[in-house]
């Protein structure tokens, strides 16, 4: 029972981080209809600069985080402004493939800068843990969970009530009408990319702190899990992103924790689980759990 | 029957379209409400009505894009109601699209050849290997496409990408493609939209020529009252998804319900005849 | 009347000019390809083998994405089915060091054909899923195939050899082996013909056939139907094209191309490992067709050669190229430069020339011969 | 259109055929082949003054860290050796290729190397080694593989320099048993990466477990798994006291740190690639120093002994700012092994590929002055070294590894697969 609880806690805290990543995808998709394959790159940029500012320039941790997030936001805005915006009117698939190129370039540069080392994040929690009713939870995971919940709550409140949030929703639901109402799509798109950059950077921070030893090139592979997360929830549903993230996190943790019971499926099955769940969901609902169904007009 | 396209007319019996109590609902909204009418052989049959009356929905039902909630659509004796659009096309129902739905990068010829999809057999293997049946078939159908294009005055444009043509020419390619289906029934979705008076007049001639040459019925949705009243043998009027009138242009023109639908309830100093004149000039648009 | 005649004559002349050029270019190319093994060393032939294998698979993705408009991030899965299919079908059943490796021992030609069919069957199995999804949802669902496929490749050791992979049986045709035979050497006109030289001709022949097939399909009825599906599914359906069926065809044919590319890839590798058939490879195929120009056969081949050969070629000339740091240092090494170039090519092509390399080539041709332009 | 293409095809065919005949007469490749049978006893890549060796390494991919250390070690060795006159009166030169941990690039680069070099002084990366295995055999290319998998020994041309992963695990478990950390009936956990690395180590842990009356709980992971919380939790649930780690360094840090943080009192034993000194800068440092041991046949950077001391001194002089890892020791030792093979082939008068193989198989006691245990290549197909060090992470010394036990071989390790 403790084992199961431990796995669930681990899965939920990981899932919350996936949710941040998936939310970034979804926000960009809603605002610009682009599936941002460069999302892992934004994560790497954020984590790399946070770690650099902290351990090389020895800035205080909160400052380093803010600066790291800032760099990720700037990179995201640059991608939107110089590349995505110029391709407006082109097919969604073309723009999405373009972001694959962006991902390759950025990740190559970060990997080159990382060199051979594992870059520790220098966070204040280090390897501290909290014991709770027989469960052990790393402080970093609690921090990640608190951060995710706070960010998600703030995002949804803002999305619902602020002028910008309303503009974003309007723009996603009906671009023409939104344009008539004076919503500036370019600004909304820029905002969406900035949010995605910030969320990716913070997710990167959560993925590179304890128990992970720090940032390494392989870190970006984790960001790939946000794809099934976003798809399971539905690419255009912000709430779906959160659900999808949690589903992927918990599924993965359970498949890992019960690996010996699942060994008939082949060892290492947990890496396939998120995609399997995704395909099953898609077969039942072709646009994800909460995604809107497309309407076709002749 | 002696027009330039006469050679294409095969010996199939002329089909009659019958739409019987068709109802279409979208998420609580009734787009068509028990609409019935029939299209007679060799008739030019127009469906008119204000915006949102359900004209396009009706077209989509006939061509199979929408499946009605209830009611039936028959072509001759064949029930179209549950058939996939591709099957309906194979039975000889061809249509044009209000918003031009051509392949913009492909040539006029290529676009027209698409219309002959159900008349041709070449598959991946014979096409990929250029087997004799494939290129023989291709040659035969290209010749027929050239005939049809020439009939529509597109003879010199066969190799031109459709995207480079004028709007009016693109509209004619739409019609040419539909004719390439060798239709038993031709559906024209607002063929005159965006055309000037001169072009519209030419279109009217064209539609009549087509009917005469092919001997098939033409069902058309049109806003341009002048065109409709000028060429239609019969007119069905829809309003809010219901059929409010059905008859010859002359009958429809005088139908009080039609007038109300187009001009609103308020009666003013103009007599019915004046309103009919409005309809005729298309000012109700 | 005379005016029409003049136009017709001018048109005829330009057609014949185009025709002549169209005849000369393939001629030069064919000769170059045929004599290459007599001049070019094994390194270039090996790169060429990988490039041609990639080209065949890329043609398949070009058909799927460029012609039918279906996004797939799972192309490397079907390539793996072809590569492993051939290996399992052609290899002898045997036990090496306690691990059993299943094999049917079919004649290689038969095994290759069966592997292509197997890949096609895999594509057909996926098509019901594909039929339900569209656009980006389809792309990411197909990404799941890659993960699933790699999982199977790593775990089904009797079939795949697991992590260490399997040695690929040499191709033979009517008793003629395309492999290296130790101690025996084949000399053609005084040039030693080893594995690379022999496989080169096989790969060129297969690629040429795959290329012509693609072009013919694109020009004929099924090609038109696929493009109609790509541009407007509902309009296509209403014009009589069975959309679901043509999507399934597209997956079938594209995965058969992938399977054929996989067989060539396996032969070029001589030994295949699951590591190869990952997401990176799937993305590379996508990059190939995008860089080359969506839907263009020439483009797919050019893109495949570019993406596949770039890193190795840059590495080879690292010493001569200015601006590249020596390996092991912190600067921009050839490997890094190749990745930059690859990523940048995707971005720039999509940003400035959506038609890809094929469109650039067309434009150059138009500029060079103003009379053929309109 | 179809009418035009047929004469064209015929034209192509005719021209091609005639050109083929005309041009191949002066083909650039044909000249080499003529006097093949009567070549003197020097092979590809050997001239009167130089011997060319190939290096296929990873400078940009997943194993760039290891690749770099090995390259530095090699450079140190050959700089000295060449300065002292080289081998067989010839200087040894290298053609270095970066495959970036991609099998296709490795195969392409190899096809260039095989025409230029006598042997491969380094081939790094399990998938790349696996992909090239049949070619190495066909080309008779003697290859020093940077891998310690005993499955490679089946290929006579592959030289494994050091104890294999299975031997590491056997010695590791025996050492724990000797020191009272495990006893008969206990369960031991083994977290391992997919593939040769993991499988070979698992074979060792299984053999040792059988020998010692233990049972093994396996958890297979992928290189991309970053967080091993779930695996560690599962092992804890199973009552495991000792966990073997055949993982990447980052995964090692994750597993050990999670256990420490959760108060899970387990001992961890890593395979040699499972540790990197870079981990000692991470939050996991304390946990690693407390709970991790590594079984390795490569001398740590700070090892005492004449060989390591000399390498250390020359490394610090040549690369003062570079990371100090035991990969340097390994690279240097590889140089030593290659030098001895070349020298033996020279004595036999056959600096050719077959000559190299024969020379290699005649070496039954290669001494690297403590960089590696003595290597015995006299029995083809058998494990060349059976001794390992047990080392502990220690952030206070260069290279981050302190020797806990000098070279030893457990009884089972001595007879395992002999």
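The letters A, B, C and D name the chains in turn, as written, and every chain counts its residues from 1.
Just so we're on the same page, contacts are C-beta pairs under 8 Å (C-beta built on N, C-alpha and C of every residue); 3 or more make two chains touch, one makes a residue touch a chain.
Not measured: the values here are computed from a predicted model.
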Chain closest to the middle, measuring from C-alpha centroids that were averaged per chain: C
Farthest-lying chain, centroid of Cα atoms versus that of chain B: D
Chains linked by the largest number of contacting C-beta pairs: C-D
Whole-Å gap between the CA centroids of chain B and chain D: 73
Intercentroid distance (Cα basis), chain C paired with chain A, Å: 33
Cα-centroid distance, chain A relative to chain D, in whole angstrom: 37
Multi-chain contact residues (two or more partners), chain D: 60, 68, 194
Chain A: positions in contact with at least two other chains: 112, 115, 267-268, 271, 298
Multi-chain contact sites of chain B, meaning residues that touch two or more partners: 65, 97, 101, 130
Residues of chain C touching chain D in the complex: 19, 23, 26-27, 30-31, 34-35, 37-39, 41-43, 45-47, 50, 96-97, 154, 162-165, 167, 180, 182, 185, 187-192, 195-196, 268-273, 275-276, 280, 308, 311-312, 315-316, 327-328, 333-336, 339
In the complex with chain C, residue positions of chain B that touch it: 63-65, 84-86, 88-90, 94-95, 97, 101, 103-104, 106, 110, 113-115, 117-118, 120-124, 127-130, 134, 137-138, 177, 181
Of chain A, residues touching chain C in the complex: 35, 83, 86-87, 90, 92-98, 100-105, 108-109, 112, 115, 224, 227-228, 231, 235, 266-269, 271-272, 275-276, 278-279, 282-283, 286-288, 294, 296, 298
Contact set on chain D toward chain A in their complex: 60, 62, 64-65, 68, 194, 217-231, 233-234, 237, 248-250, 253-255, 257-258, 260-263, 276, 278-279, 281-284, 286-287, 323
Parts of chain D lying in touch with chain C, wherever the complex brings them together: 4, 8, 11-12, 15-16, 19-21, 23-25, 27-30, 32-34, 36, 57, 59-61, 67-68, 71-72, 96-98, 100, 102-105, 107-109, 111-112, 114-115, 126-127, 130-135, 138, 151, 154, 194-196, 198-199
